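This is the structure, below, for whatever I ask next.
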Amino acid sequence: MKLALITGGTRGIGKAVADILREEYKVVTVARSSEADEPGNLSDSKFRAYLVEKYTPDIFVNNAALLSYNFEEMIQTNGMAAVDLLFKFYNKMPNGTIINVSSISAEKNFLAREPQIRIAYATAKKYLKDTSLSLAYSKNKPIKVMCISPAATDTDMIKPISNNYVPVEEHYTNYNYYNSICMTRPYEVANIIKWMIEQPEWIVIPELVIDNHYEKSVNW
Amino acid sequence: MKLALITGGTRGIGKAVADILREEYKVVTVARSSEADEPGNLSDSKFRAYLVEKYTPDIFVNNAALLSYNFEEMIQTNGMAAVDLLFKFYNKMPNGTIINVSSISAEKNFLAREPQIRIAYATAKKYLKDTSLSLAYSKNKPIKVMCISPAATDTDMIKPISNNYVPVEEHYTNYNYYNSICMTRPYEVANIIKWMIEQPEWIVIPELVIDNHYEKSVNW
Amino acid sequence: MKLALITGGTRGIGKAVADILREEYKVVTVARSSEADEPGNLSDSKFRAYLVEKYTPDIFVNNAALLSYNFEEMIQTNGMAAVDLLFKFYNKMPNGTIINVSSISAEKNFLAREPQIRIAYATAKKYLKDTSLSLAYSKNKPIKVMCISPAATDTDMIKPISNNYVPVEEHYTNYNYYNSICMTRPYEVANIIKWMIEQPEWIVIPELVIDNHYEKSVNW
Amino acid sequence: MKLALITGGTRGIGKAVADILREEYKVVTVARSSEADEPGNLSDSKFRAYLVEKYTPDIFVNNAALLSYNFEEMIQTNGMAAVDLLFKFYNKMPNGTIINVSSISAEKNFLAREPQIRIAYATAKKYLKDTSLSLAYSKNKPIKVMCISPAATDTDMIKPISNNYVPVEEHYTNYNYYNSICMTRPYEVANIIKWMIEQPEWIVIPELVIDNHYEKSVNW
């Protein structure tokens, strides 16, 4: 049975990916939570070295991230640790697939007038995406390096900055709620990741962005 | 029956999309060829105005492009005409989906050391992509504005610059042919476009890039 | 005496550049205005061909642009015509310097939530900038291809969208006017262009962006 | 006397900036070398905290970087540490100027077919540049946040990957040496940084790229 290693695999999108891949892969989750198969803090260089030493995954889902007013923590986990793991597993894996989970904020927020917490989050995710694309286009190994940039997804992480984000059902039920942003569900993002993984051997999706509708439209 | 308008719809990716959408949509193709439902030259402002006046498509596939050593022709058709049609149909359509067909060259070739024909092609396609993303993220209308950037695809267009591009079958049969670039097939790109169109109402894919493998790997 | 050809050379930034270069160069201005040395409409392919046939400038300042609710006009003049002239003079000139005048809107506005007039303006200017950078980095001719992206400048062009843009003096005099955006003066941009042109032979400035302060700060 | 804090200030571009600013500023240099006013390793979170606690510079030149086959070291120093210092000094300084020193490789190399050492270097520098631009455009403080991206400069750092880079003099003396890349001199980059710092109060240069000529041209 092939091995899928998933960072941030106990919550949100990472958990949804773990659940969906478990049908076909041996799944190992990494997270700070004690529920993880490999509990630990990815911003710790030794923990990253331990993981790279121990595992040679067929699928590596580079997903762990946090949202915090401690910018240094975000820069370390979402940026440095994710990019470092990407290089290390890219160099260790003989083949297979790497899915980097960036963010739509890396597409459009990072140059707009945004509060600093969004800038710090977006530029770290953009760093991950740029490195993902660079390795994908370098083409010096038969590894599929792909990057998905989900929009606001209905997870715990988004709650601190999310008062106008609402679940899909609420968005469509409350017909007067024009200011709501409809969040994608974690399993929907996970299904798209699965679709990317299942492409034929000769097709790579180096970049896929998901957005969600801002407005409810009556005759849409 | 809903209407799908497809520019460049008589050959290559556009034809494959027309064939696949015809099962569910009334399809109108636009191209310079007499085989098109609406034959004409899209770089002609009057022809564009005629199309916009006559049609209000549910799906607009903004696909027409050419590859030519007449750079002005490429700038006019691939850049100006495509961007102008995008604005015009975006403003006319009350809702629905627009698929802009850009190119992977707009992702990675335009800042590298490339011959001018590739630069002129890539920057025009990047212009289309940037405008597509801008309208998608402006979110002022319930229209899904999406952009797909295919890699080298097995069409007539690529032949003049393609001596090391080969079809999938040849790529995998000739085990010593490491310098070949395996081309995607038009129907594969068309199926991905169909997948984008068929997303649930609340999911938009503003950007999706397809790449193909450079090398054949034995144990891939 | 060396020749400097300046499109949009009768008003705004273009006029300021013409005034400043006239001290050392024979200056030829191109514009729709009858005051231009070469009056004509750059969106006309034949007029562009005429200019390219007639002139081989040492300095080509690719500056003409307009701001209009007729998006097609902007796409044609600011995008297509400017990019076409860039390729044509790049290929004709044996050496020398090309200065493309893009816009800061091409840096930061094109992916934000902007009204369509700003999107159409910004993406056309981004098209010019991307092509400028691509030719600069292709390095196949000893031509210095440079791009400057000015912020809001105190010219006639900006007036229709400019109610909160104010001249430098007003910005600093009215101490309570915190919502004003301080505009750069045309001659300041022209002096920076002159600085770019005067760099030593081995130094190229492929990209320079000018921004202006949003807020007045007391102890700045 | 105003204070200028310069990381990487004992060698290369940083030293040239220190030398040039010392005429008007009290200069404090930070580097791993014992020659620095503040010797230490910037990838150490505590050393960064110490610097931010101790200094409130008028000019902060965020310049320290290294080139190494230990990618983790580059990711930590060139990416994480530089971005973290940028946020921390941006938040501590009441006004003044921050100059982030990125690299032309962040402009054009990171998506081309490059060896991994260049990718790791370029994407970390791009991370710094993207964060610099984001803070510059957020405009919520009267701080001038600027970014300069020099081309290959004649410093010790470039030697390991530089067999075809040559000093300006050699480039112009050896008339048959067409494959050489002419390096900028550190003091030339420092003078451009000084020019950026000396702009009038209302003019910011959020982005300036320096490139150098690839080819020697006889009649250039």
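The letters A, B, C and D name the chains in turn, as written, and every chain counts its residues from 1.
Simple rule for what comes next: a residue touches a chain if its C-beta (ideal position, glycine included) is under 8 Å from a C-beta of that chain, and two chains touch if they have at least 3 such contacts.
All values reported here derive from a predicted model rather than from experimental measurement.
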Legend entry - Interface numbering overlap (same over half, different under half) for chain B and chain C: same
Inset, instruction - Could you give the separation in Å between the centres of chain B and chain C, each centre being the mean of its C-alpha atoms? - result: 31
Inset, instruction - Compute the distance, rounded to whole Å, between the mean C-alpha positions of chain B and chain D. - result: 40
Inset, instruction - Give the residues of chain C that touch two or more other chains, as numbers and ranges in rising order. - result: 107-108, 111-113, 133, 137, 139
Legend entry - Graph class of chain-chain contacts, one of line, ring, star, complete, other: complete
Legend entry - chain D - residues contacting chain A, complex: 45, 71-72, 75-76, 79-80, 83-84, 87-88, 91, 110-116, 119-120, 122-124, 126-127, 130-131, 133-135, 137-140
Inset, instruction - Spell out the residues on chain C that touch chain D in their complex, using ranges where they run on. - result: 94-95, 107-108, 133, 136-137, 139, 142, 168, 171-172, 182, 184, 188, 195, 200-215, 217, 219-220
Inset, instruction - Under the touch definition given earlier, write down the residues of chain C that touch chain A in their complex. - result: 107-108, 111-113
